[in-house]
């Protein structure tokens, strides 16, 4: 993607405020690590709340973090007064998510007035080595924020 | 799907035991409501932990429940000694998930020795009326359970 | 889906005219079999042009027919002067597509002013028996038709 | 992806032979441009057979080429005596595919004994400039080739 000029000069504050309102992200201890125009990084430390039946990070948690990382990457490029909604996403799991930390990196493939397409990758950090464990494509729609 | 004879006579206990080991499902208060050969129903009551930024059920939560409902539908048809892993899923969101309860119903479209394909639908219950709010297609792989 | 009243009284003619303009559908000998408000059926007879490396119907052909069946199901509900574009689709293949004829049935899960979500199923007919061989979820966007 | 050593020293010939047997690819005039371990490039010149209702490259054609580009990228890493089948794919369309030539580039994200995950991107070339017009994630399964 070439043009990544944010239409909202306060995009970082807008993303942080929206993220803070997400009860699910708070309940799971997920952190907003970085936000830039068209890109977002989230992170979560290993925790019993985040596991599947074998003790690895839960695929659905990975999906949730990828969804949010892509969503806020999209949101960062939207004009003030926008709200963002995911319309669909698809995730492929490619390695067991075992490690100390899960990191989700989302970026905008195609910004749009109505629809934005994003890609996001999840990495599992173990003893300082990051392994790609999942990848997502998603679509987000911009709607006017309720007053 | 026609043939839905479980290979594991104790499939219901196997599903319940696996579900109980999922820290994420426990942390979010998600309940296993029903399991039958090739079908599974999960449910969650509205709760601040489960919201997105507007107070609706979070799309990623919906994804998580659909993933698990499809996954346990698949698992119910697997032979004893199996473990199930999601290899990919895709969800389309079709209505805002506002209501008292979220219900995820998964069923097997195609059981397989290696790969199983499932479909799952999420409904939001509000004042006794259920609305379809999301639909998922997913692939699950059977692996031998670790001893 | 409950409400399936077409906004375009000439929806069937609009679908047929658009279908006839699709060079790909013509080149592959795909037929528009049925169109109803929110539903569409396409069909193709077995032909060497439509095969993959083992002689079965090609997965990409199945994807193409499902895409179009869902797309015209969506288009049938759009107001006059609309054009329809697929924004994304996902297909799961669940059985080898061997037989005399491939049939794709699409239907609208959720019509929308901007986005429509559809589901489509592909069946392979062999000696009079239909087997489900693939299933698709897709999103379509309505745009104003160019004059 | 780090390890891209082909297990089949004759992978290029195996891919070319399989591609030549695909009636659909031949019928549409799609060319196998390049094959390397874990990567494949296909290309098609603009042609009335390949259009949708507005005269652009048909989305389903783009899906077909992405599917094959990813599939042969996967196949290039499989041992001799393998056959490859797509189990699922998902494509997001991100720009109108208008131009002289469509190019599909697939690469392996994760090779596997059973399942391989690939990513593929479609570019439209117009007056020498390539534009990303679609992106795909797909899963392929290895099966033993019939004798």
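We just call them A, B, C and D in the order they show up, numbering each chain from 1.
Definition applied: contacts are C-beta pairs under 8 Å (C-beta built on N, C-alpha and C of every residue); 3 or more make two chains touch, one makes a residue touch a chain.
If you're wondering where the values come from, they're calculated on a predicted model, not measured in any experiment.
The interface with the greater number of C-beta contacts, when A-C is set against A-D, is A-D. Seen from the C-alpha centroid of chain B, the farthest chain centroid is that of D. Work out the mean CA point of chain A and of chain C, and you get 32 Å between them. If you average the Cα atoms of chain C and of chain D, the two centres end up 22 Å apart. In whole angstrom, the spacing between the mean C-alpha positions of chain A and chain D is 28. Along chain D, residues 87-88, 90, 92, 117, 137, 139 each make contact with two or more other chains.
Those residues of chain A lying in contact with chain C across their complex are 87-88, 90, 114-115, 117, 137, 139, 141.
Residue ranges on chain D touching chain A, taken from their complex, read 90, 92, 94-95, 109-110, 117, 119, 132, 135, 137, 139.
Touching chain B in their complex are the following residues of chain A: 18-19, 21-24, 26-28, 47-54, 58-61, 63-65, 67-68, 83, 85-93, 146.
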